[in-house]
Structure formats: C-alpha cells, structure tokens
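Every chain is named by a letter (A, B, C and D) in the order it is written, and numbering of its residues begins at 1.
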Amino acid sequence: MAHVSTLIVILPLLGYLLVLINGSRLTERQIGYVATGVVGLSFVASVVTFVLLLHRHSRQVTVHLFNWIDVGTLHVPAALLIDPLSITMCLFVTGISALIHLYSIGYMHGEKDYKKFFLYLNLFVFSMLTLVLANNLVLTFVGWEGVGVCSYWLVSYYFDRDSASSAGKKAFIYNRVGDVGLLLAMFLLFSRTGTLTYVGVFARAGSLSPTVATLVVLALLLAATGKSAQIPLFNWLPDAMEGPTPVSALIHAATMVTAGVYLLVRMSPVLAISSSGRLTIAIIGGVTAFVAATIATSQKDIKKVLAFSTVSQIGYMVLAVGVGAYAAAIFLMVSHAFFKALLFLGSGSVIHALNGEQDLRKMGALQRFLPLTFPTFLIGWLTISGVPPFAGFWSKGDVLTNVFEHNKILWVLGVVTAILTAYYMSRLFVLTFRGTERFREVTHGHDPHESPWVMTLPLVVLAVLSVLGGLLDLPWIHHDSLAGFLSSTFGYVAPLHAQSTLSQYGLAAVDVAAALIGLAAAISIWRSRTEDERLTPAFLEHVWYWDDFYDATIGRPLEELAVFSDVVVEDEVIDGGVMGLAVGISRSAESVRKIQSGFVRHYALAMMLGTAVLVVFLVARVS
Amino acid sequence: MNVPASWYLILAAVLFGIGAFGLLTRRSALIMFMCIELMLNAVNLTFVTFARTLSDIGGQATVFFVMVVAAAEVTVGLGIVVAVFRRRSSTSVDELSELKG
Amino acid sequence: MTTVPVVSSSITIPSIHYLAILPVIILLGASVVLVFATALVRTKVTQFVASSVTVAASVAVLVVTYFQWRCLDSSGPSTTIAHAIVLDGFSVVATGVVAVSLLMATLVAHDWALRERIVGAEYQILALAASAGAVLMTQANDLVVIFLGLEILSLGLYVLVAFDRHRHTSAEAALKYFLLGGFASAIFIYGAALVYGATGSTNLSTMSYFLASNVLTHPGLLYAGFALLIVGFSFKIAAVPFHLWSPDVYEGAPTPVTGFMASIVKVGAFAAFVRVLISALGTQIDTWRPILWVLVVLTTVVGASVALLQRNAKRMLAYSSINHAGFILLGIWAGTTRGVASTLFYIVTYAPTVVATFAVVTLVGGLGDENHSIGGYRGLARRQPWLGASMCVLLLSQLGAPLTSGFYAKYSVLASTIDVGGSPLALIALLSAAIAACFYLRWSSALYSDEPVEATRIVVPLSTGIVIGVGVAMTLVFGIWPGPLVTLCQHATLLFTP
Amino acid sequence: MDQYLPILGLLLLGVLFASGSLVASAWLAPHKRPTDAKLAPYECGIVPESEPPQRFPVRFYLVAMIFVIFDIEVVFMYPFAVVFRQLHVFGLIEILTFSLTVFAALVFLVSEGALQWGPVKYLTPGMPERTSSSTIVRIGRDDPEQAA
C-alpha cells in the first residue's frame, strides 16, 4: 500500500521529468500521451490504494518517505497521510485531471508552447496531490504554493497578451495574501502544539484555548478565501479565465480552487473548537455564493459566467463547512468537479468551434452544429441548476438541508442563490445553443464543426458522472456512502437533530421549486433577446465595483507609497545609507589591506603582535 | 651542583624569544630558517626540562619527534629556497613581495 | 646531574586498534607505493596511474570509514595506541570529508596536470601524504600527535604550493607559507610544551581529567601554553590577525592545490582545534571564550570587508574562506554539543563546495593558470550555461543563500551561538555575511552579464566536470534536504568523547 | 609566575624592537629611492640585460638536505636499539616498515639523480623522455623507445 500510494504522487512528477528531459525528442502527440498516461496511471494507483484502504481495519495510514526538516524541535517528515478524505480527493483529482489532459491533447493542438503546457499541467497535478496527501501542514504548504505557481504560469500562458500576464499576476498576488493566512495558522499551531503533522495537531487540539483556535480558524479562512476565491479575495478567479480553457476547467473549477475547502475540512477538529470561527466561515461562504451568483447573471463572456458560478458554488461548500457539514461539502466538491469541468470543457468546445470567440452575444443556435457538445452541456446545465435526479440536486440539497438546521437566514440566502444559479445558467445555455445564429461573423460564414474525439470523450464521461454522481451520497443511505466513509476523518460533526422525513421532503421540494423558477424565468426572458441593460446592470457587470474599490483603497495609496519609496526612501535614505556604509567599509578595508604588504616580515610581526596580545591578556587574567 | 629547573625553562624561553626576534628582524630566508630551528630547539629544551621535573618519559620521547619534524622542515625549506633562488639569485625575503593586497 | 632511567624493566606494547588507524595507513601506504613506483619504473608513472592509485586510496578510506562507523555503532568510541588516537564519530566523519576532498581535488588536479603537461606522480604522492596528516589530526588525542599531523599536512602542502614552476609567484607563496608556517608550528609546539609542564601530560584525555580534578593555583603556565596553542591553530585556519599568509598563498599556489588546501586544512585544523578546546580544555571555557570572541569578530569582518576590494578570483576566495573560518569558529565558541555538530556540518558541506569552486576557477584560469581576474567571469553563464550556473550555485552556497548547503550551515552555527547567549556575536557575524554577500553577488551577476566579451570557450574535461557536478549536487541536496546530514553530524558528536 | 616574566619581557622586547626598527626605518631612511641609473653597475655603456650570475651551489644544498633528513631519521634507531629485545617481533616489523619508508625516499632520490655528481642536468618539464641517459642511449642505438 505504501508503494502504491507513493506512486500516486510520483507518477505525475515522473511524467514532468520525462517531458522535461526528453521533450525535444518527442512529437507533440507523444508528449500529450505521456503526460496523460502518467496521470491516468496515477488514477489507477489511487483506485488501488482506495480498494486496499477499504479492506483495512484502520483507515488512517501514514506513509513515511524521508525526514525532511529536523531543526530543533521542528520535525517535518515528508510523509503521506492516506485516509478516506485524502483518498477521495485523490480519486477525483487524478480522474478529472486525466480526462482534462486527454481533452487538452485536442484543444491545445498546434499551440506554440505545447510542451510547456503539459509540463505545467503535470507539475500542477503533482503539486495538487502533494497538497492533498501531505501528512503535515508544511508539506501541504509546499503543494499549496506549487499549485499556486502552476496556476500563475498557466493563467499567463499566453503571456504575450497583456491581459493574460496581468491576470496571472493578479491571481498570484491575491493568492499570496491568502498564503499569509496559512503561514500564520502554521506558526500559531506550532507554537501551541509543537507539531505540524495533522495527526499530532488533532491529538493536541483539545488543549488549544478557544481564542487561539478562533485565530487559527480565521487564519485558515484567510488562506481558503485566497485559494478558493471567496470574499474578500475572490476577484482573481474571473480574470484567471485568460488561461486556456482546459486550465480553467482543471485548476480554476475542479481542483485547485477547492483546495481551500479541503484545507478547512482537513482541519475540522480545530474548527470544532471555535464556534465563532465556524460562523464566520458560514457567513463568508453564504455571502460569496450570493454575491457571485448575482454577478454571474450579468456577464457577457461565457467563461466569466462559469467563473463566477464556480465562486458561487465554492461559496456553498464553504457555507457547508461553516455549519459543520463536512461530508456535504466534500460531496458538493466532487459533484461540482464533475459538472463544472463538464461545463468548462463544453464551453471550451464551443469556443474551439467558434475560433476562440467567448462573447455570448455572438453565439446562439449552436445546438444543430455540435451534436455531442450540446447534449452533454445540457446535462451539465440541468445538473448545476439542481434539477433532479442529477448530481447537483443531491449535493446542493444536502448542503441546504444542513444549513437549514443551523441558520435559517443563511438558508434563505442559499435558496435565493439557487434560484439565481438556475437563472444565469439557463441564460448561458439559451444564449449559446438556442435563439438565432449570431456567429457567422466570427466563423467567416462557415458552419461551426464538432471537436475531435479526444475532446468529446471527456465530455461524455463527465456527463455520465454528472448524471450518476448523486449515487455517491443519497440522503437515505448516508451511513453506507460517501458520508459514512468520510465520517472517521472528521473529529467532530455538528449534531444532527433528527429531522422528520416530511421536512426533508419539504426542503427538497423548495430546492426543486427554486431550480424551476430560475429556469423558467431565464428561458422566458432570454429566448427572445440577447442584451438588456435593465437585466444586466452595470453594477453587477462590473463585479459590484469590487476591483475599483480595491484600487481606490489599497492600490492607489500603495502606489503612491511606492513612488514615495522609490524617489525618497530608495534613492536618498537607502542608497545613501548603503553607499555611505559601503564607502566606509571600503575605506576601512583599504587600511586593513595595507597590512597585507607582501612582506613576510610584516606578516610575522602581525602574528607576533597577536600572540603577544593574547599572552598578555591571559596572564593579566591570572593576576 | 643542582641547577633549578626554572633556569632551564628561562633559558629555553630566552632561546625561543631570540628565535622569534631573529625571525622578525632578519631578511635572509636561510637565517630565518635557523631562527625557526632555534625556536624548535628551545621547545625541546622545555620538554626535556618538564619531563625531568615531572619524572615522565613522555616529554623526552616528544623531543625525538620534534627533532625529526625540524629536520624535515629544514629539508623542505631549503628546497623551496633553492627554487626561489634559481629565479631571483637572492635569498632576501624582502624581495618577495609580488603577492600582496 | 643524575642520569634519568630510560630503560624500564619491561615495556608493555600498547594495543593497537588497526581499524582506527587504517585510513592513515592506506593514505601513507599509497603514497609510499607511488614513491617506489616513480623510482623503480623506468618510464615515468603516468598521470592516469598516479591519479587512479590516489582515487582508489581515497575510496578505500571512505569504505573504511563506513566500517569504522559500524564499529562505533556496535562498540562505541574508543582510544588506541596508549590513548594517542581516538576513534569516535567526529573523527570518522571528518576522515570521510578528508577522503572526499582528496578524491575531488585529485580529479581536478589530474586534468590540470594534463593541461600543464606535468609529468610524474609527485603531486599525488604529496597530496596523499598531506591527507594522511589531515586524517591524523582529526583522530589525534594527543598534542604531539596533533603536531605530527599538522606537520605532515603542512610539509606536503608547502611543496604543493611551490609546484608550479612556470610562475614565480608559486615559489614566493611557498616560501612565505613555509616561513610563517614554521613559525606557527614552533609557537604551537611551545604551547604544547608549556601545557605539558602545567598538566603533566600531552594527552588530551589525561589533561581534561587533570584539569577537572585539580584546581591550579598558578594557572599562568597553562594559560600561556594554550594561548600559544590557539595561535598555532588560528594560523592554520587563517583567523585574523594570523591570516596574512592565506591570500598570498591562495593566489600563488596552483589553483587545484588551492582548492585542496582550502578544504583539507580546514577539516584537519578545525577537527583538532575542536578536540583541544572542547574535550581537553572544556573546563577552561570561560578563559578561551573571550579570545575566540575577538577572533570571530575580527575574522568574519576583516575577511568579508577586505574581500570586497579584491579583483583576483583566488584572492577573493581566500578572503571569503577567512570569513568562513570565522563562522566555523562560532560553533566552537558556543562550546556546546550543538555547536560542535554545527561546526562539523559546516565543515562537511564547505569542503566539497570549495573544492568544486576552485575546480571552476582552475578551468577559467586557462593554460598557465594565470587568468584569474573577476573580469574573466563576465558572461560565463551566457556562453556556457552549465558551467556558469554551477559556479553561481557554488558562490550562492558560500554566500549562504537558502536552498544551498551554505544556508543551513550558517543557520546552524548562528543558532548554536544564540543558544548560549551569543546574540551580539551572531549579529556581527551576520553583518559580515551581509558584507560578504556583496562580492558573491557581484561575482554571480558578472557570470550572467550580457556584455559581449571576447572569450574562448572553456573545455570542461571529464573528471573536472564530474567534480563540479558532484560539488553542485551535494550543495543542492544538502541545501534542500539537510536532514540526514544534520542527524549524522549530531550523532557524530554524541559519540564524541571528551 | 615570576619565572615566566622573562618570556613576556622578551616577547614584548622583540615586538617593540621589530616594530620600532620598521617604524624607525620608515621615518629615518631617505625617502628618495635610488634611481635605476644609480643602481646600474656601470654609469655608462651597455645596459645589462640580466643580473650577473651569483655563485649558488645548488648541489651543495641538495646534498645537505638529503644528509640532514637521513641523519635525523636514524635518531629513531637508538631508542629501538635499546629496547628491541622487549619489543619482540612487533618491534622488528615496525622498524622494518619505518626503514622501508625511508628507503623509498632514498630510492626516489637515486632515481631522480640527486646523488649523482657531475654536471647539473636540468629536467625539462614536459619532455619526460629527454633525460641525459635516454639522450645518450638514443645516439648509440636506433630505437629510443626500447631504451626508454
């Protein structure tokens, strides 16, 4: 088991190295297949590990690789923690990564930096798996930074476009702000518990005072808001759509952005101690879900809509974490990975067909031309809208049920968000596939064509998964499904008040109603129009003027400070000081250097003087 | 007649000092060698004296090693002087100051 | 005067633990074999044969150190030959470092000798003998044995420094080194004699026992003695103000010899220094600490700041090594187990780095070994990315940049200093490192300068290439993953017997 | 402690005198360095291109060096001779090893030609085959490789 689980992590790295070293000798196709193959094998290894874990009595295995850091009392091993949570993450991360790698072979065909793309992608998978499988926070942090930097590279993939390179920088900087949170949490935990391994921290979590626990939770939340694009650090994600679409699907929808949620779930025993911390998490999640959903209703770019939708869905997950429904959060994470990857890849297929056009206003009536993309996208649309019996209905329902028990206000917010979700997705769907043809200008009059099989195969697989994903965790078999499997890894699950079956059905009915209201509204409104100023207010289109707010409150003052530092501090204070110091050192060094005259007798004299001083000093001590 | 051990020690110290003094003041590499030899022999005298006051054979045995080391140093040193002299035709160390700074 | 009875009735031959002295036997044996071969074989012994023998000897020593370590694990540290030689973790690790330095330096010198058309096995004979001296120093448990090791090491190096007959600076450097070295040796052994007089023994264990169980009413003799011992060691490790020989000698010596000397002398001298100060004079820590304090301050600051003014690569590295010596002294100053472990770690990581650095300098020096201005490095990394990047890594390691072994080495000595309340000292050392960073960075950025410079492509011969590669690899591996080596060094000091 | 004061005194004296003389020479010496013309052996005439050769009997030094080393090595024979019966076989092996090492040095010296009197021969580095013996043989025989 140790070997197999090590393989999960090593294989993508191996692929990376293979392509790195042999890249110039391999053809484009070979590079693609090597990169896809290793991730596929990694998925197989995950499955094997999963099966082995199922048959074990103790479902928590630490695979020690080597001692990494031994400094004083800090002992950080490079070790993997295999438990239900990490293996669940592994399964869907490797699985979806393999599909998206396959898709990329077709999508990226003919790109200039084809090799670079797969290098980064493999490195990303390696980092993500490190993040997920690490048995301590430091190693998780390595993975955390690894996925961050891969995301940066991939967002700026078309770095000769200004917008892409600045989007990359934006993503990186927002993430850095979040990283501070993770570091702070690590420092706090280490100073209080003296260890950074998860098992060790959890064992001593009970000794943390509520204040410290709350601080840790807030720091972790900061980290999560950065990586998972939550308020207040959410606006990097839409810009990150500058990257190639497979990247958006893999990193900015399915895997990396859920890392924040994973971290919070992973640290659930610490979360358990701080109820105020959890409430903060829930509020952040709920508000993000709502705000992002409102913004998504007014975007004109197909990928931007999906990006805000991702933010909104992750908001749901964070909300679930906040109310202690960890299993529900993971359930939504997995099913979201299926349908959001599907939607992104579907949109990628559309964009591919339209020669790179992303504007919803220039699409329409594509149903006829994309015989495979259309039905799969349809499934994705229904799933995310929460129409039964697709996966989205079950997972979102699970979250909302849990929220209902804890906080009615947040539940109302969640339901409103659900309506909005159904609304903006339907708008997207209708504008893309129905209505009138508006794309002729982009395609120069030609008919759009369906994508090759490497691109459509992942679509089909993901569509099937979206349909059947609900089976993972049906409400009436919680204990024998995902939730039961995972429950051992959560130190604490918020107590469930036994709910009557009736109220459960009632809640489900509300969910269905919300989905249908949204669908109906969007279809009736957008069937006949493509633009409407009233329905897409500038306030929403400009993301609540969030960027402008940051620009005015943080960006400008910082820039002024930077100018001041550059002109005054740097030139006069620092340069002056350093130069002064340097000149001083050089002068005194010059005089020392004079002793180095080249004459042996001077050297001997210096030695003799030194000896004499030493002897006199010591003899003086005696008397 | 019984000469106190301290006299020997003082003699050794004086010899050592003369050696060190010579090393600092003489210019000829050969004489500087001799000074080093003188210092080593002063050490030998010290060792022997202490060996006697402590009634310990170890100090005397050490003298053998020091002597051999001194001889080996002379040999190597002379070799180097010869190498230098072949180029410079002088054994004055003051002319060797190309390496400095 | 009555005659001293020299003949006792019976002599008990001290027991000899051959495994302990096997490294010295191998190195000296290989040296003697090469002497015979040179003398008896009618044709000159080729460089290939001589280097092979040397490499084989150093590999053999490495294998022996492995068995020594095993032996230590099973039966613990021990002394042998009337307690004159000690076999403990510290000596084993230091011996291993000497062997690695010899191995790497020999490979560099091999290509250098072929380039400079040097015939005969003299270089290898002397290098082997000098290494034997260094190993002896690491194992010595007696001042006289330390002195012998020191002399064997130094005598070999004096000749090696003079090895380049085409440059007269080589002979000049050798004469300077020899005169000052002889002076320092005399001071050292005089110190040993005075300590002998004060404590009644030259054996370190006996001395330590004596000092622990007796209170000296007149410690003047002892203090004068160990002041002189400290001077002797300070000369060897080039601590300011006893450092003046080192820049001249580093510059004058043939470059591979400089690299060899920089690593091996540091290993031997520091190992013996640690043993004398910590295990023999550990009880006198309050007396020698202030001395070391001053030495560290002078050594780090002077080394770093004078290096700023240098334009010659070898001279600059000489001052840089003076700066490093100051850092290594920090670990001894701390005087704790952790300090000793960090000293050992510093030595272990510094030795291969410096050999590899001088390997690059040897290549850049070109035929005649004279092209050593820093200007010669401009744009090296643009012309030859691998060579330039290697040099850059090696320099950054000496600077103490994170992810290189130099970082952890510096960190651990500073940490052990702060542990025992030496924050001001650590701060001064850090400041010196900041000064030193200037010239390391200047040099590294010169490597990547894109000014067009007319330069011929440097051919990297195989074995020198291997040495550079290994040096860089060790620098990076121990930098990214210092754990095992740290554990080894700590383990080595656990076995360290006072 | 009093008895060591002379050491200190002498050390200080040495330091003072040495530094004093250096300082004094710097102060008192005429600051004008002799010009090249003044240093030249002849005030007029041809400028000598190289220093006049001095007598420096290298061979003398060489033999002196060799003598010193062998002379001193023998010092170890005396203590050995005194107690060799008590040392038994171990002592014999020990002294044989020692002798062998010293002998190696001697053989080396002989092979380098250090003990040959006669005209000094310069071994030119870079041309290993061209020693006097090989040169002589090459004149006498046609096959230098075989001779070497």
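Everything below uses one rule, namely that contacts are C-beta pairs under 8 Å (C-beta built on N, C-alpha and C of every residue); 3 or more make two chains touch, one makes a residue touch a chain.
This is a predicted model, so every value here is computed, not measured.
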- Given subunit C and subunit D, the chains that contact each of them: A, B
- Hey, what chains does subunit B share as contacts with subunit D? A, C
- Message: Of the pairs A-B and A-C, which shows more C-beta pairs in contact?
- Response: A-C
- Note on the structure: Chain-centre distance (mean CA atoms) for subunit A and subunit D, in whole Å, is 75
- What is the distance in Å between the mean C-alpha positions of subunit A and subunit C? 50
- Item | Inter-chain centre distance, subunit B versus subunit C - centres from mean C-alpha coordinates, in Å | 25
- Task: Spell out, as numbers or ranges, the residues of subunit A touching 2 or more other chains.
- Result: 593, 596, 598, 600-602, 604-605, 608-609, 611, 615, 619, 622
- Which parts of subunit C, given as residue numbers and ranges, touch two or more other chains? 6, 165, 175-176, 179, 183, 187, 218, 220, 224, 247-248, 309
- Task: Could you check subunit B for residues that touch two or more other chains and list them?
- Result: 9, 16, 20, 23-25, 32, 72, 79, 81, 93, 96, 98-101
- Using the contact definition from the top, classify how the chains connect: line, ring, star, complete or other. complete
- Task: Within their complex, state which residues of subunit C touch subunit D.
- Result: 6-7, 10-11, 13, 28, 32, 35-36, 38-40, 42-44, 117-120, 165, 218, 220-221, 224
- Could you please specify the touching residues of subunit D with respect to subunit B in the complex? 3-4, 6-7, 10-11, 13-15, 17-18, 21, 51, 53-54, 56, 58, 61-62, 64-66, 68-69, 71-73, 75-76, 79
- Note on the structure: The subunit D residues in contact with subunit C across the complex are 1, 4, 7, 82-83, 86-87, 90-91, 100-101, 104-105, 107-108, 110-112, 125-126, 128, 148
- The residues of subunit B that touch subunit A in their complex are 20, 23-25, 27, 32, 93-94, 96-101
- Sites on subunit C touched by subunit B in the complex: 1, 4, 6, 8, 144, 147-148, 151, 155, 158-159, 162, 165, 168-169, 171-176, 178-179, 182-183, 185-187, 189-190, 192-194, 196-197, 200-202, 247-248, 251-252, 309-310, 315
